[in-house]
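Got a structure for you, written out below as structure tokens; questions coming shortly.
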Amino acid sequence: MDEQANTNAKWKEKTFEIIFKADTFWGKLFDAILLVAIFLSVLAVILESVGRFRLNYGIYFLWAEWIFTGLFVIEYILRIIVVKKPWHYIKSFFGIVDLLSILPSLLAFVFAGAQSLMIIRGLRLLRIFRIFKLTQYLGEASQLSTALLASRKKITLFIATVLILVSIMGAVMYLIEPPESGFTDIPRGIYWSIVTLTTVGYGDIAPITPLGQIVASFIMIMGYGIIAVPTGIVTSEMNKSRFKVDSRSCENCGAKQHGDFAKFCHNCGEKLPPIS
Amino acid sequence: MDEQANTNAKWKEKTFEIIFKADTFWGKLFDAILLVAIFLSVLAVILESVGRFRLNYGIYFLWAEWIFTGLFVIEYILRIIVVKKPWHYIKSFFGIVDLLSILPSLLAFVFAGAQSLMIIRGLRLLRIFRIFKLTQYLGEASQLSTALLASRKKITLFIATVLILVSIMGAVMYLIEPPESGFTDIPRGIYWSIVTLTTVGYGDIAPITPLGQIVASFIMIMGYGIIAVPTGIVTSEMNKSRFKVDSRSCENCGAKQHGDFAKFCHNCGEKLPPIS
Amino acid sequence: MDEQANTNAKWKEKTFEIIFKADTFWGKLFDAILLVAIFLSVLAVILESVGRFRLNYGIYFLWAEWIFTGLFVIEYILRIIVVKKPWHYIKSFFGIVDLLSILPSLLAFVFAGAQSLMIIRGLRLLRIFRIFKLTQYLGEASQLSTALLASRKKITLFIATVLILVSIMGAVMYLIEPPESGFTDIPRGIYWSIVTLTTVGYGDIAPITPLGQIVASFIMIMGYGIIAVPTGIVTSEMNKSRFKVDSRSCENCGAKQHGDFAKFCHNCGEKLPPIS
Amino acid sequence: MDEQANTNAKWKEKTFEIIFKADTFWGKLFDAILLVAIFLSVLAVILESVGRFRLNYGIYFLWAEWIFTGLFVIEYILRIIVVKKPWHYIKSFFGIVDLLSILPSLLAFVFAGAQSLMIIRGLRLLRIFRIFKLTQYLGEASQLSTALLASRKKITLFIATVLILVSIMGAVMYLIEPPESGFTDIPRGIYWSIVTLTTVGYGDIAPITPLGQIVASFIMIMGYGIIAVPTGIVTSEMNKSRFKVDSRSCENCGAKQHGDFAKFCHNCGEKLPPIS
């Protein structure tokens, strides 16, 4: 009995290493096959939506859908079994994505077309960073997300201000422009303001009166400056994270420009005072 | 009598704390209710503009409009009564916004449709920053606005130059293109230039002759570089705050541009005064 | 005779001060009137192009055109007479603009519609920077143009590469797309590539085949990165011009981070070695 | 015989200097003629695609095509003969471009229209940087490409994430919008997402339902932030070269991230080795 528990534990550990890690040959192989399966599954969802393909090969897509879903269900259950803290995995980013990627097939029983949601499986492709030079790529990613996280407050403030601005501009354009130009109500005016301020400019709604065009010109030139703000925020944040110089000066030689991680003066080697 | 004046003063102070501050429970509750009321009032204005909603629920929107306006009028009068320097409040940013947000309802008696201007109430939503971690958000905001203010002159120069450029380009396109392509007069040419230079590109006016397309291509590539300028200005301004040149001038030779870590003048070697 | 020459010289000097400088009351008045005249003259050209205005007030525009042109001719001749180095003025930026702004009226005798070119007078409005805090604004302008000039080579290389890229992409799209989608020849393909790469996106020409849309997607994502390059160049250049730190270290205390204009160490006041 | 080999070697060397270098008069002349020939050849390809020109001057274009192709074939063979390491040249960037620029003419025998591919000759125009101040321009180019290369990993991660995002958004829009608005299948939805996220915005596909417009607005505002990322990456990378952290690690404790001005380890105070 004890021996069987031992074998069981060994089997669990081995499967864990194959499924969750990418250091051994089998681990790499598993990840590679998994990624190909995910990619094919996403491709099937995309191609199935094209009328021509659905008509001619509909039955194959149905088969592919169920086979891939079956495989992913088995994989998901296996992951929960072999991992030491199942709840920790289920709540993690990849745990939620893994669950979400098998749900739409079941949803498709209730709502027709729900299988298009299977495209969320695409997020699983992010695992690709695990195979090729994992740490490097994730390091870059975390640097990016640190920069974004650090400017979270600025970005919130920025988006809130933009939303209030586009609402006001949308209402003004609704007042100025006749319905023929597409500004039939304020929500459409707001939609147009967002399309214009982000410089997307579809042209499905566009001002036709001289006054409307003057206001629109004003909005566009303002948008010119506004688009610079997020760029400035991210760039500034990225620069900051690289080498934060604090305000300490060495008590021995007076040198400045010490990184905030420095314990000793770069000029004379004297111990630096702690950061206050 | 003295006691009553005292009670009156106490009542004023308490109301002041509830309405203007967000530190106490009642202050927070008041702000929360106010924000919800503002949001609902703005939403009502937006939805009323949609034909389908106006036809079916027109009477409810009218009621909502008058109830909200009534509440905001009472709130505005209360604010003036309880604040110590009423004039100071009336002239402040939020004082003006508060007044502007109750005026359109009265204007609607004279001009039909003026109630759409009530959307300006949206600006009152900026108070939201007062409830959640006020100082933090306002700190970020002031950092942004300091950067913008510091580059005020550069931005003015930039916009003036852009306006002169688009006027000239608009006139050139008006000369080149036939009226069929939408360039029926110079103002429309200028409008097109702004739409193009800001990379919005609706496509309602677009060159159709080869020469017009060549000139347009030239404008677009130029716009490529021009869009970089405001970004450069803002980013540069944001970075500036990091490596600080302070405002000290040398008492011996008058030189400026000393880093905030400098102890001696870079020009004559005289000891600098400490940073005040 | 000598006295008369003296009077003449005095008259010249006084007129010079009024026309060319903006320090005295009369100088400021002259500049203000000139700017208003230029602005009205440009406005007349713009409004004249609008069919409705031309029909109703055509004769007034003609009068305005000739009066303004007459005034500007007199002003131009006066400038040449009173300035000490006439040739220097004629060859300067404002000298050329002043000449160009009176030529189109004469051209209009030969080519109908040439008066639209009078909009070039708009460039004269740049004189406005002379009246209000001249040096400040021009300082900002020169900072901008220094940054642009310094990155001249990078920008040339960038534009040359972009032009070669859009030519190739335009030819590829011409091969892929049927003429119905607007890609009737390679020049139109190149025009479309520029419209797309600069993210203007009119939509007058747009791919309709799946393959064309895939290639277009590729171009757009590439354009995503390309648009970052000029921004990076300008921002980088603007940062650089602010505080150029050279590599010298103080021979006495070893401190670094000296500005390239520094003669003495900021840390100990010792004389710095000259920049090698 | 020996003498003839000598003459042969001399001839090779001289031709090499003319064809590959731009230092001598003949070298410069050769490069100038070559560039003009390439430019004319590219221009011929572009103009031939215009129906009007092809009809009237078709025969001249055919002649030009064959003459230029003949010249370039001779030039390519000459280059292989006179260069010391032919294989090295053939595998180099310009070697491949030179080969690609003569292939399409031969391909045109098999596929009609393949001669449009001759536009790839445009890449040969990059040789222009060799004539005018070669090193300077190439220095700028290598600075740009170093910055791009250094951010290769970040850019890959960024593009992969963007591709996964647009796939999901494309599928969501396909579910929300009716086929009338252009979202007939998921690939078209993905195409629309890319067009929107890059702010190109043709308008050939645009949401028409309120829900679709809300989701689109969300995508556009998100795109606002996303477009800032590559700019931030490139700018940040370009700035990095200014404040240099060198690659030295402390011999005592192994700490890294020393500024290039540091003499002592910031972590343990040990003297650092000099920069090699």
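For reference, chains read A, B, C and D in written order, and residue numbers begin at 1 within each chain.
The rule is short, and it goes like this: a residue touches a chain if its C-beta (ideal position, glycine included) is under 8 Å from a C-beta of that chain, and two chains touch if they have at least 3 such contacts.
Note that this is a predicted model, so its numbers are computed, not measured.
Because subunit B and subunit C share one sequence, their contact can be compared position by position; here under half of the interface residue numbers appear on both sides. Between the chain pairs A-C and A-D, more C-beta pairs are in contact across A-D.
One simple way to say how far apart two chains are is to compare their mean CA positions; for subunit A and subunit D this gives 28 Å. Once the centre of each chain is set as its mean CA position, subunit A and subunit C turn out to be 41 Å apart.
In subunit C, the residues that touch at least two other chains are 187, 190, 199-203, 227, 231, 233, 235, 239, 254, 256-257, 267-268.
The residues of subunit A lying in touch with subunit D in their complex are 42, 45-46, 49-51, 113, 116-117, 119-120, 122-123, 125-126, 128-129, 136-137, 140-141, 143-144, 147, 155, 159, 162, 187-188, 190-191, 194-195, 198-204, 227, 230-231, 233-235, 237-239, 242-243, 257-259, 261-271. Every residue of subunit C that touches subunit A in the complex is listed here, in rising order: 199-203, 231, 235, 253-257, 267-268. Subunit B makes touch with subunit C in their complex at residues 153-154, 156-158, 160-161, 164, 167-168, 170-171, 174-175, 184-187, 190, 196, 199-203, 206, 208, 210, 213, 216-217, 220-221, 223-225, 227-229, 231-233, 235-236, 239-240, 243, 245, 257-259, 261-271.
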